[in-house]
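By written order: A, B, C and D. Residues from 1 in each chain.
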Amino acid sequence: MSDVKARFGRPLRLALVGGGPASWIGRMHRSAALLDGWWELVGGVFSGDPVRSRTAGIELGFAPDRCYPDVDAMIAGETAREDGADAVAIMSPNDTHYPAAAAALDAGLDVIGDKPVSHDFAQACDLVERTRRKGRLFAVVHGYSAYPMTRYARWLVKDGAIGEPRFVQVEYLQGSNATRVEDGPLNRRLEWLFDPARSGLALVMSAIGCHAQHLASVTIGRQVARVAAEVGALVPGRRVVDHVSALLEFEGGVRGTFTATNAAAGAENDVRLRVVGDRGLIEWCHREPSYLRLAMQGEPLRVIGRGDPYLPGEVIAGGRSPRGHPEGMLQAFANIYGEVAQERMARSLGDPLPAFQYPRIEEGAHTMGFIEACLASHERGGWATVAPLPAQ
Amino acid sequence: MSDVKARFGRPLRLALVGGGPASWIGRMHRSAALLDGWWELVGGVFSGDPVRSRTAGIELGFAPDRCYPDVDAMIAGETAREDGADAVAIMSPNDTHYPAAAAALDAGLDVIGDKPVSHDFAQACDLVERTRRKGRLFAVVHGYSAYPMTRYARWLVKDGAIGEPRFVQVEYLQGSNATRVEDGPLNRRLEWLFDPARSGLALVMSAIGCHAQHLASVTIGRQVARVAAEVGALVPGRRVVDHVSALLEFEGGVRGTFTATNAAAGAENDVRLRVVGDRGLIEWCHREPSYLRLAMQGEPLRVIGRGDPYLPGEVIAGGRSPRGHPEGMLQAFANIYGEVAQERMARSLGDPLPAFQYPRIEEGAHTMGFIEACLASHERGGWATVAPLPAQ
Amino acid sequence: MSDVKARFGRPLRLALVGGGPASWIGRMHRSAALLDGWWELVGGVFSGDPVRSRTAGIELGFAPDRCYPDVDAMIAGETAREDGADAVAIMSPNDTHYPAAAAALDAGLDVIGDKPVSHDFAQACDLVERTRRKGRLFAVVHGYSAYPMTRYARWLVKDGAIGEPRFVQVEYLQGSNATRVEDGPLNRRLEWLFDPARSGLALVMSAIGCHAQHLASVTIGRQVARVAAEVGALVPGRRVVDHVSALLEFEGGVRGTFTATNAAAGAENDVRLRVVGDRGLIEWCHREPSYLRLAMQGEPLRVIGRGDPYLPGEVIAGGRSPRGHPEGMLQAFANIYGEVAQERMARSLGDPLPAFQYPRIEEGAHTMGFIEACLASHERGGWATVAPLPAQ
Amino acid sequence: MSDVKARFGRPLRLALVGGGPASWIGRMHRSAALLDGWWELVGGVFSGDPVRSRTAGIELGFAPDRCYPDVDAMIAGETAREDGADAVAIMSPNDTHYPAAAAALDAGLDVIGDKPVSHDFAQACDLVERTRRKGRLFAVVHGYSAYPMTRYARWLVKDGAIGEPRFVQVEYLQGSNATRVEDGPLNRRLEWLFDPARSGLALVMSAIGCHAQHLASVTIGRQVARVAAEVGALVPGRRVVDHVSALLEFEGGVRGTFTATNAAAGAENDVRLRVVGDRGLIEWCHREPSYLRLAMQGEPLRVIGRGDPYLPGEVIAGGRSPRGHPEGMLQAFANIYGEVAQERMARSLGDPLPAFQYPRIEEGAHTMGFIEACLASHERGGWATVAPLPAQ
């Protein structure tokens, strides 16, 4: 792969939307983009306030003329330069995702976007169509599905190791909103998070639930077809959604359950996935991201570690050190950034595309359809169908 | 407590219904009844076939004249004796639970019954009323809720340790029916299990799901009020229910999720419970029955072990060895057998009743209501209300 | 096996030495002997004080004429009866083990003895020779090696699954003596424990260390040949030994390490064993007694559960319920009691002996040799050889 | 701290010795140096072969004129430049560590050196003295002690949380040399590893054992005073050391055990540390680097996670994301690189030094003394004293 890098001749150039100096997720995105040398960071927009944006960009070490006051200026500026950005990474508040992504696509840039991809399903479908029309790449940063061991889970399911999938359980519990944080004081992040107009149709889904649904869908390679959901707030009096539990039916009749809440007092930030097939099951949790449990009916439980020698090469390639040397979310993010770059370079060079695929805009759009179906199901007190994606 | 035993002057006498020499659960019941010296086993009915019943009873070491051909004969025989049984323990096929229990109650005997208590909710309510009318004890053998650490969970919730309960997750997954075992060859146990007329309204609920629901309900001290359930078979073409997943609403608006399946290929026989309150959460799983996890918001996770010195006396009393000496399901069963005996003796002696309470017929009846609500919810594709118990 | 029981025609008769009503380990022994119906308890000596012994025995439910004032009276009484004891189980203070066992053997009784078998190696060798001379059975109650999964470990090593053993780590840490409990108040148990003349050459070895050494030796089927040990007290000013750490060389040059301490503040009562062979390793810990970890070089870790269907029949036979139903130390103890009975009955009936063997007096004697070698090594600050057992 | 970075005005400049394009540990060092923006990589020596060194450096993206043929040329070249390196990071074969470090120190450069710091204790003492004489910084890259949670362990011990340390267990087991890899084919790395003249006095100690000893020493803040060790090869016929087990006595009489082997077939690359104090104990293992277990006598086990809100600020600062987001060895390495930079900048600016301290040359030298004492102990079959460091 570094051969690709060499033949391409230069790292790709990435402009940023969001992720100022105080943002840990911004730092994570920047570190991930840089980790393997696929990207060069060139500048961006770092605040909704033009003056702050400039100051923040300079503090992050960018050249002042590439610290832009807003997304339009950035796109104008970058597309005008010979050495302008190849892609835009978006990690700003949720309500800015759609316009920033649409503008970037229209300008012919690739997009690496934090979730949710948009406010609603209609916007998401619009992004799908723009991406296709412009022939661009659009990656959604679902880091959980980019760990070597969640990718191996996907590989195992596809390979038939556990037989036909029958039942999927996925949950993401967090305690960040277990208390009435919205009673203040509110920093800028909490301000937009607790404003439903800005954070999206269902806060907990935009924040964490989307990751859980995506991980389940991508692991079994099936979208959610129907859902019966309970949507609401575990914290009394809360105006935003802090809890969704749902019964799932995936394409092909696979059953499942789903829970996402950030109002679970005492919960670690843990994602748990179990896929039951007709011959065995797979378990993964974020607390031990480098291990996958495989229990075949009538055989001992197997605990498979990142870097184990029997793993397929494309799974091993998702790690950067031998087995037993802990890696984490940074490396998962870096896998996504690397794969976007590899695909872009491979397309330029006429090379075959890499084996593992970062999460794409279609997956982000399906998530928006899933969220809308949860809301509809809750409204009617029964099952609701998830709307299909735009036909290709 | 052994003081009670001494003052009562003799162990209580227990007759058995079911649990022949080849039945591991029968052996478990007998060992549990004997473990702490509360009970003496006097005889019983050990097969639906009168000849086998006698042979089996003799093989188990009972006096031939107390190895009865059927339940009616047993009740007639035992009530006629001066040293006749005080109670009946029922561990026969599901369809025999109700008539055996009803007959025993009518004859003035206490009942220790394996689950499900009856075929349906109406029968269960009938047992509730007979038990009350006759002033008898009726224990349902939900061993999971009789472990010292599930009892401590109950204690903690009641004590307010995790604040107001908000959300409960419970699941019981097993792989025993992951393949088409019903295609044969069928032993006598499989024969009745796969005959819905004999095993009950929903096989997986009678077999294991009832334990999960009971554990959740008893831990938070609330019944299930409403349910939205998916009921069916994960194994294609199966006629009995091997999977139920449900969204729960407990009394007082506590939310929850429930999953029971015995068609999970590769699954260990594991029950998992998590109770989230507004200040922290509790986790327990059957794989590590002697440990309880308590995670308070903003504090380290605490792992509490059976026998730890800070535990309340009534929790410690549920164990028989110091911390770090593994105990298991036998001791949990023995707790139930012991508590029935203690209550019976305490009533005779006018003593106060023991602190922890074995699961009662009302709880068994609620489970039958829960199962019927799951089926109704599935039928209508929406929420269904759990019917209330007969008023006292 | 129950066939053996039937053909033998009656349970064996067991008399007890020690284990009064307040002793949890006494209760464990009695429950274990009774659990599977191999033994009948007939009476015993329950205190060093003749009056207490009688009262205690009666409280335990024994016939007054079989509650003896001392061991000699018991042996005289029991051997004089037609229905006298077949065997004696010894669970009294350590300094009484040797004389009680010697007397029982001399009277032609089998012995089931708690550890340590004697005060020193010479006494232990004497018991070996008496046992052989009299053709009796002498079991040492090392429960840790009687769990199904430690037995499977032994089976795997013998079967060559992990190749040639190279390195063994074993440890037993406990916190019971982490504080200066000897400063009082002392109950009767603490009194003799903290009197080196009564508790043995090294308190921590008599109490727990012997189990760890035994488990290591029996799992790899090799005695300890040489040892370099540090022996002393972690608690300042303590007169008894509360800590031994040692480098081991087993027969055949297998290396190992050993640690036993009951002065580890905060420690659970946990035994950990790891056996490294030239192809893979095995791990077991007492905290999860029903699981064995097998890690073959270049393969996934396997977690093997009690009751798993691929286990050898003789391993499965050590359990009493299907996989996923926790069992504990009681069942391990009951395995030892059962196997002694099976062997005794098999010898009477001319049957072949059972596959798994309870720990024998030779093993108990080797432990005494190991303890003496630890002390000698510590004394000289270098390696010491473990004395060999009496030749057969 | 980024304030320090801003006031210093530029990142520090780092030249590399070793770590070519194919080396995962080289990549780890480079990523770690870059992760937080403290360092700029300027060039180095990337092979013992001058031509390869240049090619490798260019492949890594360095300017050709800073890809040097050897260390002397690099030091000459860098010290001659206005923008020359501030420090040298050494990750070349073990026998090159001492001369490269000595040359760098003599030229007034700081050193970040992989372990072992030298071939023997005498060389290590020489490095201590050169470092002091020149007033330079010398960090030893013991990543294990730079995880937030091993640092919190150190903090807890120092704070008296577990009382006086009494007993320490440390082990590092790996399977990399479980088979006769030295029988070939040998790549360049295996060539020097299996040549004792190049890899050091005891291969397993240079490779991994040093980390275990360092972690134990630094956590309790005490050096090893005396040792009784078994040193040798678990793999028959092997000429290098693949196994060391030892009894330890730390300063002040704290007891301990130590095991390091890379010949443990099936072992994960796991380091385990347990520190027992007179009030409780601490456990950490590398497999779960973000969690620390704290068991106080008579209290529940506490599992403390990286990022938990009650942790001291300087411990939290060792992480880069909130609790529940896995981080790994890269971040631990980056902590060391960052702290060297912070100290260098702080010294320039007259600022106070950072709270946590990277491992220093004195610690590396103590390790060499420890290794020599293990060899001496093995030779004599008894205890050996660890030589003291040069007095300040």
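Rule of thumb we're sticking to: a residue touches a chain if its C-beta (ideal position, glycine included) is under 8 Å from a C-beta of that chain, and two chains touch if they have at least 3 such contacts.
The shown structure was predicted, so the numbers you read here are calculated from the model rather than taken from an experiment.
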Chain pair, A-B or B-D, that carries the greater number of C-beta contacts: A-B
Repeated interface matching A-D, over half of the contact pairs identical, chosen among B-C, C-D or A-C: B-C
Centroid spacing, where centroids are CA-atom means, of subunit A and subunit B in whole angstrom: 44
For subunit B paired with subunit C, centre-to-centre distance based on mean C-alpha positions, whole Å: 35
Interchain centroid distance [CA atoms averaged], subunit B/subunit D, Å: 56
Overlap residues in subunit B, where contacts from two or more other chains coincide: 268, 294, 299, 301, 305
Subunit A contact footprint on subunit C (complex, rising order): 294, 298-305, 308-310
Subunit A residues within the subunit B interface of the complex: 162-163, 166-167, 169, 171, 173, 175, 178-179, 228-230, 232, 234-235, 243, 245-247, 249, 255-257, 259, 261, 263-268, 276-281, 294-297, 299, 301, 380-383
Contacting residues of subunit A [partner subunit D, same complex]: 2, 6, 21, 24, 27-28, 31, 34-35, 37, 59, 61, 174, 268-270, 286-290, 305, 320-331
